[in-house]
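Multiple structures are listed underneath, in structure tokens.
Two complexes, one shared chain (chain A), two partners (chain B, chain C).
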Partner chain A sequence: MLFIVKRLLLSFVTLALVSLLTFAAFAILPGDPARVMLGQDASADQVAALRTQLGLDRPLPLRYLSWLGGFFGGDAGTSIKYDLPVNDMLADYIPVTLALAVLSLVLVVLIALPTALLAARFSGSWIDRLVSALATVGISTPGFFLGVLFVWLFGLTLRFFIAGRYVAWESDPTGFFAYLFWPALAIAIPCAGMAAKYLRDSITQQLESDYIRTAYSRGSSRGRALRVHALKNALVPALTMMGMIVADIFAGSIVIESVFSVPGIGRLLVSSITSRDFPMTQTLVMYIAVVVIVANTLVDVAIKALDSRVRLS
Partner chain B sequence: MRAPASQSLLRVEHLGVGLRQRQRRQKRQHTIRAVEDVSLTVNAGEIVGIVGESGCGKSLTALSVMGLLPAAMELVGGSIVFENERLDQLRERNLNAIRGNRLTMIFQEPMSSLNPLMRIGRQLAEPLVLHGVSTAGAIRERVLEAMGKVGLRDPETLLRAYPHQLSGGMLQRVMIAAAIVCRPRLIIADEPTTALDVTTQAQILRLLRQINQTDQTSILFISHDLGVINQICDQVLVMYAGRIVERGTVGNVLWHPVHEYTKGLIKSIPTRRSKGAPLPSIRGRVPALAEEKAGCAFAPRCPAAHSQCFLEVPDELALSDFHQVNCFLADVESEMEYVRI
Partner chain C sequence: MNADRPTRPTRPQIQIDGSTRPTRRGFAQRFVSMLALSLVLAAGLLLPGCAGGGDAEQPAPAPADDEAEAPAAQPSELRWGASAEIDSLDPYLAVGGDTRGILWNVFEGLLKSDQTGDIKPALAQDVEIQQEGKVYVLHLRAGVKFHNGNEVTPADVRYSFDQALKAGAVYAGFEQVESVDVADDGTITITLTEANTEFLVSLTNPIIPADYADQASAPVGTGPFKFASYTPQQELVLEANPDYWQEGLPHLTKLTVVFAADDNATVTSLKSGNIDGAGIAASNAVDLDLGQYNIVERNSNAVQQLSLNNSYEPLADVRVRQALNYAVNADEIIEKAFFGYGTPVGTPLIPGLSKYYNASLTSAYTPDVEKATQLLAEAGYPDGFDLEIAVPSNYQVHVDTAQVIVEQLKAIGVNATIKQVDWPTWLEDVYTNRNYQATVVSVGGASLSPGAELARFRSDAEDNFYNFVSPAFDAIYDQAVATTDDAAKVELYKEVQQIISDEAASVFIQDIAGLSALQKDFDGLVGYPLYGVSDFSLIKRAS
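Here is the complex of A and B:
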């Protein structure tokens, strides 16, 4: 119980810091949203008029405070660029990104878990070396490069999907996931490389421990010792990394959504920063931070469920 | 002539263990040996002890029998026969059918030898599950029976507990229970009491003796403590630097030691009378694995060594049917004296 209270408090502090940082970034960034909207040809008067209309003539700290009050009151303000309530817009964009993130996470697990198990089971063999080499390549390839590569190779050349033609969930749920598969894969590969490497090392380390020797002494086969004994012990440290991977996936989706024209919050974030849309950017950053915090809390709870020795603190 | 099968349960002959060679080109002669020419026999119902200072190859000998040598080590020659089967030539799958079933092992460190994330109940049931006891009722009955034998009370709570909730002594009892749950013919116990406090040590020793007597289970008991060996073993092998230097019944070896190393070990046992006096230990130290060992490995530390000791490795000399020694200084006549007494 105390754990939950502490955790909530800590999350609150984290969120406050995140919002302050975004605010600071905006205070430093040059550029005026009204100017961006009207273009370079507009006269100074036109710009000034729009600034007043949008409420941009108030100083940034004031705008920050009024946004902050609104955010926690359930009204995150109005987007400067789109002139629509931020929360209403996000109701359309967030589910798309969440679907992409969940799909990426599933792919990370589906790729990393079997390869790590295989590499650990045959550690030192050519399989292990191959997995390790592939993982290194995966880790060091930037997600956006994979995205561009996929668009060109699987989209334009092989025509596995039509590049740029996003399929909405409402019109075709299967097509939606089929389209999201490629950006999700581009996001997942670097993360999967990292996860596979880490899990493989974690398992091989567990395989050296005394209780594994005990398992063999009781007649357990190598495969069984790995599955039944080593894996669970290896998952505890590997799970901690899952929290970081969730953050990585969101970071990856910001770029990848633009590459694949997926209408999610990643693309929205990029465009709202470009147009200096303060309320929209602030709100998006906050929601992403909330998701990452929630993911890390879930990871801690999962670790506690696996290992009763762990104290949540 | 072969001994009748019913008599020798485990027969190890000329066992050698060496550091695994990375390069094939290296010749066999240059293999660094950690265990060399070790032969031993364990008969049904017997407790055989292996004693020696730290690093003399006791654990490697035990692990060879189990087929559980560390990755850096490999068998280099010799044979291991358990119930008429060559363990050293068995395929892993066939070995797995024996390990944990008819041949089991208890380790020195009970804390790390159990899976920290698995309930005690499942760990106790594991040998049964692996060796063909499949119904939940039968497994439960056998686990409870084993727990009773090792004196674990309140089984219901214990079965649901995790290792970190139990004391070292309790965990060692759990290890023993898991080792006897399939009613093995031979238990290998590698310093099972070293990590425990004195009171618990005595209890565990009594427990092993009891298991040996009630179930006729043989035990290969490893210790660096001759006092402990004296309490529970029938036969004893004294090891030094990877070789056996003296062997025989506990009465012969401990009360009429011939090898200077055995004599030194016996002097080092603290007795009630010697309490407070400085412990007379053997001067010098055990040679490192890689050190060149010409002649008897103990010669540099031996108070009675002469020139031959530094040149040749002594062969085994049978002082009687119940006492053998590997030492140039021993002669059969000296032994005969006390045998006649």
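Here is the complex of A and C:
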């Protein structure tokens, strides 16, 4: 119980810091949303009039406080760029990015787990070296490069999908996941490389420990020792990493969504920063921070479940 | 793995020889089954991906097939790509050139520009200019309907002009209106404070239904296409207006504008068949398959320039600015960064305003390194100087151009560096605060009036981000605006351009080519001398 309270408090402090940092970035960045909206040809008077209309004539700290109050009261304000309630817009955009993130995470597990097991089972062999080499290539290939590559290879050359034609969930759920598969794979590969390498090292380490030898002496096969004893313990450090991977996946989706024309919060975040849409940017950053914090909390709980030595206090 | 070995009973063997290694086979078997499970799971995920891909492949070639089978009665949809988002669907709030180019198909004014830039009657059936351009009398065309089915009434015209007067810069020129009188018989009389024949252009402002409050979410106009739906960052769907007053137009039944994150995503969509056409950059045009697309070239109607801050120390000397003009080679820029597409200019006025455009200035500064070096030496910079060029990073064309310019300036000893800034930063630091040395950007084309286009060079102009000061310019410019004699006006406008060129206010490079690619299944794409306008009503399926 104490753990949960502490955890909540810590999350709250983290969120406050994140929002302060975003605020600080906006305070430093030059650029006036009213001027961006009206363009070069508008006169200073017109820009000033729009600023008043949008409430931009109030000082930024004041706007920050009113946004903060609204956010915790459940109303994140109105987007400057789209002139729509931020919450209404996010209701459309967040599920898309979440679907992309979950799909990416599933792919990371599907790729990383078997390859790590394979490499650990044959540690030191050519299989291990191959997996390690592939993992290194995966880690060092940026997701956006893979995205561009996939668009060219699977979209334009092999025609597995129509590049750019995003399918909305409402119109065709299967088509939705089919389209998201490629961007998800592009996001997943670098993370999977990292996860596979980490998990493999962790398993190999466990396989060398005393309790495994005991298991062998009791008649366990290497496979059984690996699955029943080593894997569970090896997952503990790997799970810690999953928390980081969730953050990575969100970071990756920001660029990938633009490459694949997916209307998620990543693309929305980029366009709200370039239009200096303060309420929208603040809210998006907060939501992403919440997701990462929740993911890390879940990871901690999972570790606790796996390893009774860990005390969550 | 030992796949070649015969399978054995799966029970693991107990090792009694002290070795800790279990048998390979036992593990291999388990591993195979584990891997198989993973693969099944993965395939479960992969298959919809592939299957979806297979399905998705169908729609792309489909339109062509449909066309071949039933050429006539088929509904025809055009999917058009756009990189810039809509900034507002309300024509009196929209300012982005690209937005207004699209809305141009939904809304119309009393007058309308044709593809040569001539102003023709639209919702007015005629226009009469009185008192040398001080008074304009128009008669409303009878029986024209809005997309909501209501007829256009004098009250709507009155309301629209009120909006135009409020909107100011969006529809430039209304600041000179003294009064608008709309009689109930549809006679519209507009009186200006002073005569100005350029005002005709301003009468293209959209006519919208009176007191209709939802323009921003469900726009209603009289144009060839009517609004169907809009999803931000995804698409804008327009449908043919069945009651359009021009018989036989539009040809298309549906027009979907597809928004991509950037130019690259747009070109990808074009190549994948997601869209049928789009405005594209020259660098993309050269690697499109010309057997599949028609490329239409037209001017973008904005002058790309190396804008110079005339009050920044080395640039304050006219000889230095002239030296830069001699050093920058527009032809080389067009060749290297634009693959040969583009029209070199020597003035801030767009060539599209052909009557006023001073074409002779294009050759005013023929590239000449020696002359440039000599001018620099005379100005006291024999060894050149450092120059920081601020470039808006969202415009790849300007970044590319700046890179060529940096190389060209090296030849005269000017050590130029590029500083990329994002667009809001550019607008604030460079454009509004004039805190810069030089910048590469495109300016102009918002209106078809030479007076409005050149106004920013007046010493006291709020948007004179060049800090250009020339009493001679100010005096002749004021005369040009005031005169009602057409021939004199043309001469005076050419003269002020000559002053800008002599004073080397900046380096005017080119009118960037606006390229559009359209699949050969369609034709009828024509260019307009207005920034961003594509007239979709003329596009039809190729027969």
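Points worth noting:
Here is the rule we use: the second predicted complex is superposed on the first by the 313 of 313 C-alpha atoms of A that agree within 3 Å, B and C clash if a C-alpha of one lies under 4 Å from a C-alpha of the other, contacts with A are read in each partner's own complex, and residues count from 1 in each chain.
Just so it is clear, a residue touches a chain if its C-beta (ideal position, glycine included) is under 8 Å from a C-beta of that chain, and two chains touch if they have at least 3 such contacts.
No experiment lies behind these values; they were computed from the predicted model shown.
In the superposition on chain A, A:156 makes contact with chain C only, not with chain B. When the shared chain is aligned, chain C comes close enough to touch A:43, but chain B does not. Touch criterion not met for A:144: it reaches neither chain B nor chain C.
By the document's definition of touching, neither partner reaches A:3: not chain B, not chain C.
In the superposition on chain A, A:229 contacts chain B only, with no contact to chain C. Of the two partners chain B and chain C, more residues of chain A are touched by C. Once chain A of one complex is fitted onto chain A of the other, the partner contacts of A:220 extend to both chain B and chain C.
Residue contacts after overlaying the shared chain place A:169 against neither chain B nor chain C. Looking at the shared chain after the overlay, A:210 reaches chain B, while chain C stays out of its contact range.
Looking at the shared chain after the overlay, A:106 reaches chain C, while chain B stays out of its contact range. Judged by the document's definition of touching, chain A residues 213, 216-217, 219-222, 224 lie at the interface with chain B and also at the interface with chain C.
On the side of chain C, the complex with chain A involves touching residues 12, 14-15, 20-23, 26-27, 30-31, 34-35, 38, 41-42, 45-46, 48-57, 59-60, 85, 87-88, 95-97, 168-169, 172, 216, 231-234, 258, 260-262, 265-266, 268-269, 271-275, 394, 422-425, 427-429, 431-432, 443, 446, 462-463. Of all the residues in chain A, the ones that touch chain B in their complex are 209-211, 213-222, 224, 229, 232-233, 236, 306-309.
Touching chain A in their complex are the following residues of chain B: 66, 68, 92-93, 96-101, 104-105, 107, 109, 112-118, 126-127, 130-131, 162, 164, 175, 178.
Across the complex, chain A meets chain C through its residues 29-33, 35-46, 81-84, 89, 103, 106-107, 110-111, 113-114, 117-118, 121, 151, 154-156, 159-166, 168, 174-175, 177-179, 181-182, 213, 216-217, 219-227, 257-259, 261, 263, 267-268, 270-271, 274-276.
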